[in-house]
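What follows is a set of structures for review.
Common to both upcoming complexes is subunit A, partnered first by subunit B, then by subunit C.
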Partner chain A sequence: MQTDKVTPFQFLVLVIFFTVGSSILYIPSTLTIAVKQDAWIAALIGNLLGLVVIWFFTTISLWFPKLTYIEINEKIFGKFLGKSISILFVLMTLLYASALIAQSSIFLITQMYPETPITFINLLLVIIVVMAVRLGIQTIARSAEIFIFIFFFLFIVLAVSISPQIDVTNLEPFFQTKLSSILSSSFKLTAVSTVNSIALFMIFPAFVNEIKKCRKNFYLGSLIGGAVIVSITMLCIFVLGSNTTARQVYPSYTLAKVINVGDFITRIEALMATLWTLALFFKVTLYFYAGVFGLSKILNIKEYRVLTFPVAAIVLFLSIIIFPNILYQTIFDEKNAIVITTIVGLFCPLLATIVFLLRKKKFKKDPDYANSN
Partner chain B sequence: MDRVIVRFIAIIFVSLLLAGCWDKRELNELAIATAISIDKKDDEYHVAAQVVIPTELSTKGGTGSSPVTLYEANGKSVNEAIRKLTLVAPRMIYLGHLRIVVISEELAKEGIDGTVDFLSRGWELRSDFYLIVSKETDAREILNIQTTLEKVPANDLFNILHTSEANYSSTIAVNFFEMKTNLEREGKQGVLTGVQILGDSSKGSSKQNVESIVPEAFIKFEELAVFKEDKLVGWLNDNESRGYNGITNQVKSTVGIVSCPEGGNGNVSIHIKKYKSEMKSKKTNSNNPEIDLKVNIVANLGEVSCDIDLTKQETVKMLEKEFEKAVKTDLQETIKVVQEKYHTDIFGFGATINKENPEKWKKIKGNWDEIFSEMPVNIDVDAQISHFGSVLNPVGRSTSE
Partner chain C sequence: MNLFKKNRKIVIQPSPPSKSEPKSMPESNSLRLKLEENLQHIKSSVGESSDIVFREIKIGNEGNIKVGIIYTEGLSDSVTLQQIIMETLMLEIKESDIDLELTSDSAVLTTLKDFALTVGELTEVSDFDQLFTRLLSGDVIVLVDGFSTGFIIGNKSWEGRGVTEPTAQTVIRGPREGFSENIRLNTALVRRIIKDENLWMITKEVGRRTKTNVAIMYINGVAEKDAVDEVTNRIGRIDIDGILESANIEEFIQDSQFTLFPTVFNTERPDTVAAGLLEGRIAILVDGTPFVLLVPALFVQFFQSSEDYYQRAVMASLIRLLRFVAYGISILVPALYIALITFHHEIIPPALLVSLAAQREGVPFPAFVEAIIMEITFEILREAGLRMPRAIGSAMSIVGAFVIGTAAVEAGIISAAMVIVVSITAISSFVPPTYDIAIAGRILRFVFMGIAASFGLYGILIGVIALVLHLCSLSSFGVPYMSPFAPFNLAGQKDSVVRFPIWKLLTRPSEISKNRIRQRATKVNFKKSSHSKRSQDG
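Coming up: the complex of A and B.
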């Protein structure tokens, strides 16, 4: 049984990595396609919207501070319905883990390893993810704690070395798109970066120290991660212009490609790719951890580690076949994933809230109920 | 003990995965192309790749033969032609170190969309190489000239482009990325620098070309190719090219000539040290847009062959006025030529209007080319001569006066 707990700082780092995730690669082009040079506004709104979502999530989870999301579901909905919703949740996290692995391998194949079979790239990533998850959340959190410094170091290097090429006027004219399309783009970002962080409720609040501080760090992490996304979107528009950004499949990689400091520091994009590899790895790991750990709770298996290999095999297989080409990925990200996220990440918790409020009296006597909140 | 063995085997297995990259390419399997040229004749693309021969460039000398070689192939697309280069080259052409892409005038007139797409789709190519257009000659001929100071002709081209852009400002080093942005952006068309062969191009290929003090054939960058969307529509001459750079604020340093203020033979050369031009769309009530161009110049004196008294403040003021006038005329001429001859907004006036007044831009962008051709541009030049050099009065002027 898992007994390790995560410190507030480690939790903060995990939230940052989760928020940045794959968004750092795709969001600039996804947003600029929809709202052109106003993309950064959309990113900003999406980020702020995320705070509301986190407030909502943490409120639910703090009703039962000792339970994970799966157990809360069971408590509120009863055994059958609760388990059904939890299965939905687990399926979503595992599906997203596969999708993210597939995304990263499509990126690597397009930009670096054109002839390497997708199977091997995915296999390598899955092996590391399984290893991390088997070592437990403490190990994941501690490694994240180390990697966050590398992440921000590289991010600052990227921002500083691209700054000579910034053309501020590329942001003009402001507010050229309709507010409705800005908002709908914002929601997409919120869905990807924040609503999906429902996966983190397998860790929070049951496996963290100092719950109150962690809740604060949840907001903070989401803000910092959001700031990274907003600034990378701005940099893309500053340097590439909105039309070029929209046309790129991987705008932030293109951004790293045009770095040229005095004809001396050039062609450092491969180094910069470490940025999204790191963020992607932690997001996949957290999804996979949530999926496997959640499954063990549903099946009442004491030791979640026995599930890692069989589930990893399914995730690996799915990640290989999920996107035959990049268009599938785009459609999945733009449509399917948004629907799934909305159902599992917003609709189910909302339902839980309604049921909880109706049955509140009964829960007051429950030993797991938090009186302090 | 068993665990140790299992771990040991596992570590060896994993290190097998780490050691090699699946897509490894050994250096001795690659032909590193520093420049490629793209021609188009009768629906067939002709691609030539200038490949460096490493042994000839090594410090130990080599055999004295040419430091580069040219592989050529035809194909229905650029991509096919590059693959077909393997029919003549013993190694796969590697484009990762590309510095220059020469496009022939004919291909540029037909449109470079396809070429640009190929160059941006591949994973191997970066976007920091320069695009140039060969004027009045096939693009492959440009790569077929031996050069003196730089052994690799592609580097020669690359460096000429750099130095002339920085010191004379009639050329402009447009890298691939900028050209692509221009093709994708509203209200700004692209330009590329032209390149020509001077002398006897048939003798340029042989190494003998660089054995005499004056080469038989050499390369000169001249004139800017004006694009309308992806098609070349014409050329700007030397003066207009500098005017173009002046309007778009791309002058780093150059030299300007003012004829003597009080008549007489001779002139004054002025080194431009600092140059800044700023474009603004003028707020007008009517639908017809106007552009205000403000130019600030700080300059030094370079050469004076007039009989003028430079110890007096008025003379300097007068020189400044004359210089301002000269610059203004140059800029006006450039705009006039582009407006009347080419009808394509290479200056980015449209983009400026879009940024400052998006509502108006939406109304006029439909027939922007006509509006652009008629649009008035108000130019305001402010020049300041700051340094005179190590002599004050012109050397020719007698000091006793």
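Coming up: the complex of A and C.
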């Protein structure tokens, strides 16, 4: 199983799905609440900011191209401290996996299936996530390759069929909000879409073919995923206007509701939900994979698959109780998640960099060390 | 998938020979010197079966050499036996100047072999195992008194079915020959198409009791050596008493045992096998069945008909697309109907919704129950139609169409829309050119109906994700099942969902063969040259 590696195209696709994730559903309203019609600018800046973060991450991970993030931590910080930081990382990925599952079930229950018990909706998603993770990263990557075509097909259908209702004046006036608030919203987006992609470093240099090409595709994938988010934000503002968008919990869903092609194709929002369900599935799967695989590395278990069922049970339970209501979820996303992401995704890698630079001489003799060029 | 792999090992591991089987020759398996002893042993071993014929004759100038001839009646060609073998031994030897003396050395045998037995295929035999195998496959055994070595004369003759048109995979344009039950005829049919010395064949005998001949055919230099070894290896590991059809082999050698989807292709068309061989695939021919296996087999392959290559590229591409759409319909449409009726009314356009609601007004069942009743009825009809005598078939279709269709709607038990849904599903399920993949869709349809009834469109999407994950995890002899889609391969798209013109297909599928160059670009643009000619003429 260790031999099957991810090809550059597969990695690109995974990065796109990870970047889009659930942001496609929430980000337009999160951004418009803060910066109104300038939300798309915030989204744009957020994505460019993401490139810097990716550069930072890939640089760290390429010091040891054969190791996963967990092993790099151990190498740099030593056994005890390294494992502690890794545990923090694993806890974050599993927490986010549960949070995403909970988000999706809250969405489904409020919008589509008011009578279905939340446990079963979560269970359904957890089952296929476990199935995917047990089948291995290669299978996840291959299925992502197939679904990316469906994803972009639906996205283009959405964009084209909504286009008659676009009102460009909704974007005006530009730059009404303060630059500082734009930047702070941008950072929120970066945190959700890009900084969290530290989870991908359980895959990135160690389990990919053609590392250089994959690094390029990391930037590219982040840009394409970002473009999806920017355009969905713009479409929301174009069609719904910034005020309506800000008032919606699920603005893209509302956007799909107003599609009307010849008075025949209307209300196809349930079909369009495929878009974010796909992206969300892959994001949850990647989080869960990173968590389980990371845990197996921490515990020195050779076969990570034995951990999938027990960890899945925890994730399922957590996903049911994590958000008692949607307000709780919004506050978690806005405040707590940002803090956790910043600590695990930015502070820890920064610390790693400092320690690495201080002890660089020692690492140069390490067999796993490679010049990052 | 670990569990499954472990399981497979158990299936394939050669089991120790069971002790209950009586060993007919405990001391040694080789032939004795005395003819009577040998004949006695053979007689008792075959249980004095009446179709094994024993004939003792005396040959030589003084008739002092006893020879036993043993053959299986019905499997051996009696004309050859009598007119060539017996006549030579009994009559012509005396007239010729061949001197036969009973000596202790093997001079008699050599003389017989070199001068007397006027047949093509002749091998020496000295042990009973080989003797029985060949005797019971229709060859003639000649034993000479005083020697522990005998002859096997190839004299198989079996009235086969001959080459007929294939019934399971019909085409409008293309060769009409199909494989038959005789393996020699089948290999000849392939050889007749590919006259290349690199078309190699490995022959194996599988089945302890049936001793079925299995031939592994491949083009040396095109097929991957590793894959050939793997096929040979997997077939070699089979230890079973009998192989009755290539499906038995298929079950033993497929990569994943627990899947609905076929990972071994089968066909009864020699042109399909030849095309597969030219692409670098490996053909497995089994004696006694017209169905030949082809590996590695990919998902797209099951949607490709040999006819695609005999029609114009655009037509072939569109028809292929249609097949994929039809397959999707056959799996998903009942599920989508249930999901829309049960959970997502808003998607249905208002006018249609009104009409649907009016139809469903008197129907006592929820959409799911209605769909299940209709689908199961249809499956029963289909299975019954397949097995029943042909004469009753027309009566069946009347019952099916009239009673279950019209009458059920008029009685208000089933809505008319449901009948339409079931019909379109049923017709679509016959579109894929291979039966195996259609069967997978048949079963999946019920799974999707169940999940749609409980979770609506979201459930269907989850089901599709699970299905794609499963498909992506499969592989056929090391080749990912979903290639060239996943892993994505741009060159492979030329001949997957669409088919490019044949002069554009310059390479073989990269997953299957490393020897990729298939043709050097053939010049197909004749417009220019003919135009210039015309201008010269004018």
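Here is the rule we go by: the second predicted complex is superposed on the first by the 370 of 373 C-alpha atoms of A that agree within 3 Å, B and C clash if a C-alpha of one lies under 4 Å from a C-alpha of the other, contacts with A are read in each partner's own complex, and residues count from 1 in each chain.
In this section, a residue touches a chain if its C-beta (ideal position, glycine included) is under 8 Å from a C-beta of that chain, and two chains touch if they have at least 3 such contacts.
Just so we're clear, the structure is a prediction, and the values are computed from it rather than from any experiment.
Considering only touches as defined above, state whether A:132 meets subunit B (first), subunit C (second), both or neither.
In the superposition, A:132 touches subunit C alone.
For A:264, using the defined touch cut-off, is the partner it touches subunit B, subunit C, both, or neither? Pick first, second, both or neither.
Touch status of A:264: second partner only.
Quick one: classify A:156 as touching subunit B (first), subunit C (second), both or neither.
Neither subunit B nor subunit C is touched by A:156.
Return first, second, both or neither, reflecting whether A:114 touches subunit B, subunit C, both chains, or no partner chain.
Once the two structures are laid over each other on A, A:114 reaches subunit B alone.
Applying the document's definition of touching, compare subunit B and subunit C: which contacts more of subunit A?
Touched residues of subunit A are more numerous for C.
For A:124, decide between first (touching subunit B), second (touching subunit C), both and neither.
A:124 contacts both subunit B and subunit C.
Touch test for A:331: subunit B only (first), subunit C only (second), both, or neither?
So A:331 meets neither subunit B nor subunit C here.
In the overlay, answer first, second, both or neither for which of subunit B and subunit C A:254 touches.
first
Based on the superposed arrangement, let me know which partner A:274 touches: subunit B (first), subunit C (second), both, or neither?
In the superposed model, A:274 contacts subunit C only, not subunit B.
If you stack the two complexes on chain A, which partner ends up touching A:179: first (subunit B), second (subunit C), both, or neither?
Neither partner.
Once the two structures are superposed, pull the subunit A residues common to the subunit B and subunit C interfaces.
On subunit A, the overlap between the subunit B and subunit C contacts is residues 112-113, 116, 120, 124, 266-267.
In their shared complex, at which residues does subunit A touch subunit B?
110-117, 120, 124, 169, 172-173, 176, 240-241, 243-244, 247, 254, 257-258, 260, 266-267
Which of the residues in subunit B end up touching subunit A in this complex?
Within the complex, subunit B contacts subunit A at residues 17, 21-23, 123, 126-128, 177, 180-181, 184-186, 354-358.
Contact residues on subunit A for subunit C in the complex?
7, 9-10, 108, 112-113, 116, 120-121, 124-125, 127-128, 131-132, 134-136, 139-143, 145-147, 263-268, 270-271, 273-274, 277-278, 281, 303, 305
In the complex, go through subunit C and note every residue touching subunit A.
1-2, 343-344, 346-347, 349, 454-459, 461-462, 465-466, 468-473, 480, 482, 485-488
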